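Both of the next two complexes hold chain A, though its partner changes from chain B to chain C.
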Partner chain A sequence: MNIPKITISPRPNVGKALLAGGAVLLIVAALLAWSYDSTILGDLSISGNPAPLQEFAIVMGVVGLIEAALVHRRLTSLSWWDTTSSARALAVGTLVYIVLIDYNIAYQSGGVINLDPGAWLALVGALVMVAGSFLLAPVKVTNQLKVHGANWLEIVVITATLAALLFMVAFILRGDDGGSVLAALAAGGTFGVLLFRGGFFTWLSVAAARHRPVIMLGALVVALLFPLTQNGTDANMSIAVDIAIFLCAALGLNIVVGLAGLLDLGYIAFLGTGAYVGAMMSSAASATIGWHPPFLVVALLGALTSAVLGLIIGSPTLRLSGDYLAIVTLAFGEIFHTAVNNMDGTNGPDLTHGPNGIAGIPDLNLFGFNFGSTHNLGSFTISNYSNYYILLVLVAALIITIFSRLNNSRIGRGWIAIREDERAAEAMGVNIFGLKILAFAGGAFLAGLAGTIQAHATPSVVPDNYTFQESSFLLAAVVLGGMGTVVGVALGATVLKLLPEKLRFIEDYRLLIFGLALVLMMRFRPEGLIASRRRQLEFHDEDENLADIVQEEHVDEQKANA
Partner chain B sequence: MSTATRRPRDTEFASGKGEVLLQASDVLMQFGGLTAVKDVNMTVHEGEIVGLIGPNGAGKTTFFNCLTGLYKPTSGEVRLAGEQIPPKPRKVVKAGMARTFQNIRLFGNMTALENVMVGTYCRTTSGVLTTVLRGPKFHREEKETRAKAQELLDFVGLGHTTELLARNLPYGDQRRLEVARALATDPKVVLLDEPTAGMNPQETQQASDLIFRIRDTGRAVVVIEHDMRFIFNLCDRVLCLVRGEVLVEGSPEQVQSDPRVIEAYIGTGDDDDFDDDDVQEGPA
Partner chain C sequence: MTQFIQQLLNGLTVGSLYALIAVGYTVVYGIVQLINFAHGEVFMIGAFGSLATWQVVCQKSTGLWVLPIMIVGGALCSVAIALVMERFAYRPLRNAPRLAPLITAIGISIALQRAIQLWYPGATSNVPYPSIDGVTGGSLTVGSVVIQRTTLFTLGVLVVSAAALYIFISRTRTGKAMVAVSQDPDTARLMGINVDRIIAAAFAMGAILAALAGVAQGLRDSNVSSTMGFLAGLKAFTAAVLGGIGNIQGAVAGGLVLGLIEAMATQYIPGQFGGNAWSDVYAFIVLILVLVFRPQGLFGARVVDRA
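Entry: the complex of A and B
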């Protein structure tokens, strides 16, 4: 993520002029045709009628102009904004974005020769912007943590950020070819890094803490409104449901890994346990248990079964050192997979129908509300999958609430103490074993709960949904996103589940890419994309500077709360 | 240059006349062929300060580990207020004995206040349901915990460090924070393992003062130290441990003048720590 420090002597005025000039070129370019072929990347062929991807380029140009205007830093209210770093991020991101698009056009239409003038002009504009941004002088910024706007303004800004995020996700979901999705990702990434470099997210982290309840509610509303962006179609909603299930599981795993610091390599088996309980007790023709209680009872049973399994595995293992847990959970995941694959009546009870799984599970019916049918909300249609999506978002909200309440409590402090120094924690009277088993079985409980919903939301429950690979993806979502933070894990889960769906061409290289991403992350940012401050410290134990920053932030936060 | 002076007792606890709080009988600790602690007997009364001295490797820390359940003694028994202590650190704390560590073991990435709050863990009861549902009990207990932790920080003189990360505190403050954390467990007996190691004379003076104040709250204190002047000014009774065995036990005056003690120190080449001049006149 680090943009290399270039040590050319700064020429602010030249830099400013180049940045602005490049931005203007970019905007002009966006109004021209980039390709003669209207089928590429959603029609970039009409001059004067910018396609969405060209609109992004216009936004980048406009932001470039704004940055150029801010270079002399006369606006004291923005003295915290790092113009130079953010302008560089913007310029480099824009260049990557344009190169991606140009490459795509050239690739699809048979050669660089087929790029229309607009595409060339955009490239030149981006290059000029890069040159200009690196001539800007480094700036001294005021502490972003101390920025304190009017309450309403802060809430508006944060809400706008959330809305922009929703828009980006919806846009990526709408993309139907790999090229568009990749370009949209590059655009999103550019804006993200721009804000990060400018110092916006540093401010956001404290400001969000100031308005926590409002933000949580806002995020929930945004997530619940998402189906409305889909015009009642199910194509994307089924992906969204998959993501939501994956997210619920990742959030549960986050309690185990992120809070208690336990490495669980077979977590998907707990989701599977819930799903199988849900399927076996559903009223499907192939259900194997004759008793069909209402769903709420089934959900509770599924969660409890999962938790009991967690207790059985956890109680002997959690008394030993951490490595044993990893080994045992790994084995448990495999045993689960093998067991459900074989409980088909040949060698034991016919509970799961073996590899065929339990199919034809009917839609949920909660208090007379049928999840299988569409509902109308004014002029909007809420489809089949949207129903499940909304339920799952509520479950995720529940898990997040449990997570944060546990985190900020006696129990949460106990978990941190265990992660910091297990022996010292024990010598101070913390119930190590009790807290570990609580996290482990509690995590299993939540995964089981999510599993019972999954049974109804997906067409069938089969063993191959619950393999080690799934467990490792869950863990990757938690680790990449940021252990111990809700936002990070939500981001990790969404990215990890969404990208393979949308970028079909990476399907074969999926494992390779994730492996690589993990290795790179471990090297450069082991605390994850969005890290909790404490986790960041744990991973950078020798970094005294960071410790000071964190402390300052913490003191500020306390003041803000007081 | 201040020299710690024996402070008169200002409480009802007359020297050594309180009830017996801690009784270790014939504690033996062997690691394979090595006997680290050999048949040590120690009795500690309410409101008493007992010192434990001895050259490096004498087995002082190991003895503490046996008392606090970190090690299970090979044989012998430890009674706290009449009850045999359970061989689990957590249960020992619950029974009323807390300790600090020779090499500081704070939770570095937690704030000073949070560190002390962890100490109250065994005296609070909010469970999962209370925590998740955030009932009135949760808020009451959380508030009490916070207030108690702050009070303890003030007590050890760290009232200004509440929101600072433990790792950012200066060395001397970290030692005091460990004491506050131990006190948060509401102990009857406090075990301090070299509480003034690495402190300057002024901080050492403050540490004696702090230990007296802990004693004045009715607790018993057992202190391991190499700083003889500190120990002899502080303690009501001193045990000298050599090669795992109690060599001498008695009042500071008795131990101080016992030739065997001096010899034990000089014999191990550890004469920096025990020097008669040092004891009487302060550091050179």
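Entry: the complex of A and C
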């Protein structure tokens, strides 16, 4: 999200005053009524009693005041914080946020005429903030990579960031109409861009590298705590289960595409293989295999079947150039879909019940823990879907652990070498074929594992869940988020699965938007939303400055690890 | 024997369609080493363009005279789409890593399919394609073999286009320039060839042939759908690989061979794994086998891997 460079001769003092004034206006506005209708966007109609969306406006105003206070007052401890850029991001984000809300109120209550004074005042406040922030002078900041706080402070900040993330996600999910979800997204996006432009994330990425166990554990805890924010209801948890399955598959694909650079366009077939093995060997009435071993055995079998398929498809084609591999995997995906669609007893052996699929798969029962029933944890209720969610989060954590361990190992470096220049890697003695096979079969194994859980978590396993379209969504998640990064892929998977669920009004245009987003992404930011610096450099190899940063960061990381 | 000849005809018809689309893949790949994955969608747009021309310009007449107009209309649409995607999606990525254009192509493909579904009236399911006097309708019988009129039309289109293509490549300046660029783009540029223009011409040429295939397929199946480009594109790519990617004659031959393999396998593979339901699978197995045992294709690829 680039804020356009507008050349206005800076008037720092005027800018500062306007920024502060706009922020005050915004805070005052948030205490007034915005709409006469109490049914719109939560209740925005009572003066002096701000609704959650108005509380966000207050927070934006307060942050605006802090930013105004920080301008030109160079605190040494905050000299890395880019006040001007972040203030601009804040102001523009606030404006977008207010415009979205005002538009929504006007749209739902039949015209701008129905906006109450508060809504107008907030708009004016946001506009004044924008004007003020663009009059600020650019600041020179110290390198965020070099900032080290006290260890305990860094850990507290990391934890607080994760907690804020959890809060924001829970808040966005609470919205039940498109308008409030969109507004909450805009608020979240504003704070995100504010922190990004200020340089906080650059600092965070280095700090996180210093405290890797803390951030990994913290993220896991946050993910596991999420069901508790849902009061035992299943509405969001079923979406969360979908996202978690999708995420597991996307993380597996991330190893194949992001690390080893092997474009797999039929990856969903491996998830499908796992799901079908899981379904056929479950104790469902329509299961087609008479043997029903415990789930752990089934999971292993599903994953292994998938890995073997990966070997069969991969081993001959991995000798060829990347394009051919992509097409062969695509063909394999189609063969898989046609095959499970056909094996209904008429066109082949009755293994999959054809287009009807295998339905009525019973809930999992692991070590006496029944995933189908609700459990109580203190005063919290863990619902049916939450059980699966927790299991899937653990699987995702396992995959992430594998990913990050591999990423820093001899194998991972070999993959990256292959990805960047296969011939050079071969000349350096990297075992190209072995490593490619490992990536391909390993990715298939992980997808198969996720598939066996999917068989139990979803009502039925049908061929149409495993089409090329699903494969391309997986790829889109990896590409949009940022190939080769865990955070990016998690973001991509969540966005791709969550937005269509929550913003029903884009349902029709979902595919169109995805397609165009892929094209624009490749054109303007091929490294993804959250890119590893090294990846970014690959796509912008003429950028000398970036190359220096990458080198410096790399050295810093090595020092931190040592 | 009758059955064999019947399947031979079926195979050649389907194969002709693959061949027409495959030329688009192979020409573009030969020049820029890009798998224009969205080419199947260009074919689909060609079919819908001709249908729209028939509805709007030809006032739904069924006389034979509307056929050339439909073809021109379809070709204009597909060429326009191909040129736009070349200019705005592929050209900026010419020096990017190879993953980038492939992902772009997938994006274009998804977006175009969805755009047609959203904005072409009735395109969420199959859209009926008109019957044209003389080209569709009553079949001919030779001995005991039934020949559909559309079969003759499709074969005719392939023969005429192949001849036109041969003349274009070997006789015209643009055609010769295309060969030169595919052999060595840098030297071609030094010789004063406008490489950008030639690449655009290659996309346009592929699009014209794809539109012809779109019309032929519409007439044959008497309907078109927004998803028809995906499978057809994939199989046409298989055909291009089969013939040796970058090799134009190879693409035509590869299309025909693939069509024949599909038809024969459908007819002669016995048991539950035979028949129409599995015909796509045979085509893809052929693709995998060719890539494994003879990646340069049956007739030899005309490009070296310059990556």
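In the analysis below, the second predicted complex is superposed on the first by the 562 of 562 C-alpha atoms of A that agree within 3 Å, B and C clash if a C-alpha of one lies under 4 Å from a C-alpha of the other, contacts with A are read in each partner's own complex, and residues count from 1 in each chain.
The definition used in the following text is that contacts are C-beta pairs under 8 Å (C-beta built on N, C-alpha and C of every residue); 3 or more make two chains touch, one makes a residue touch a chain.
Here the structure is a predicted model, which means the values were calculated and not measured.
Trainee: Identify the partner contact of A:S35: answer first if only chain B is touched, second if only chain C is, both if each is, neither if none is.
Mentor: Once the two structures are laid over each other on A, A:S35 reaches no partner at all.
Trainee: On chain A, which partner touches more residues: chain B or chain C?
Mentor: Larger number of chain A residues touched: C.
Trainee: Touching A:S306, do we find chain B (first), chain C (second), both, or neither?
Mentor: Neither: A:S306 stays clear of chain B and chain C.
Trainee: On the A-aligned overlay, A:S180 touches which partner chain: chain B = first, chain C = second, or both, or neither?
Mentor: neither
Trainee: Once chain A of both complexes is superposed, is A:L438 in touch with chain B (first), chain C (second), both, or neither?
Mentor: Touch status of A:L438: first partner only.
Trainee: With the touch criterion stated at the top, can you tell me which chain A residues are shared between the chain B interface and the chain C interface?
Mentor: Of chain A, residues 538 contact chain B in one complex and chain C in the other.
Trainee: Chain A touches which residues of chain B in the complex?
Mentor: Touching chain A from chain B are residues 68, 70, 89-90, 93-94, 98-99, 101, 105-111, 114, 117-124, 126, 128, 131-132, 134, 138, 141-142, 145, 163-165, 167-168, 181-182, 185.
Trainee: Touching residues of chain A toward chain C in the complex: what are they?
Mentor: 257, 261, 263, 265, 313, 316-317, 320-324, 326-328, 330-332, 334-335, 338-339, 341-342, 346-349, 468-469, 472, 475-476, 479, 508-509, 511-512, 514-519, 521-523, 526, 538-539
Trainee: Can you list the chain C residues touching chain A in their complex?
Mentor: 35, 88-89, 92-93, 96-104, 106-115, 118, 230-231, 234, 237-238, 241, 272-273, 275, 277-278, 280-281, 284-285, 287-288, 291-292, 295, 305, 307
Trainee: In their shared complex, at which residues does chain A touch chain B?
Mentor: 401-402, 405-406, 409-411, 413-414, 416-417, 420-421, 423-432, 438, 442, 534, 537-538, 541, 544, 547-548, 550-551, 554-555, 558
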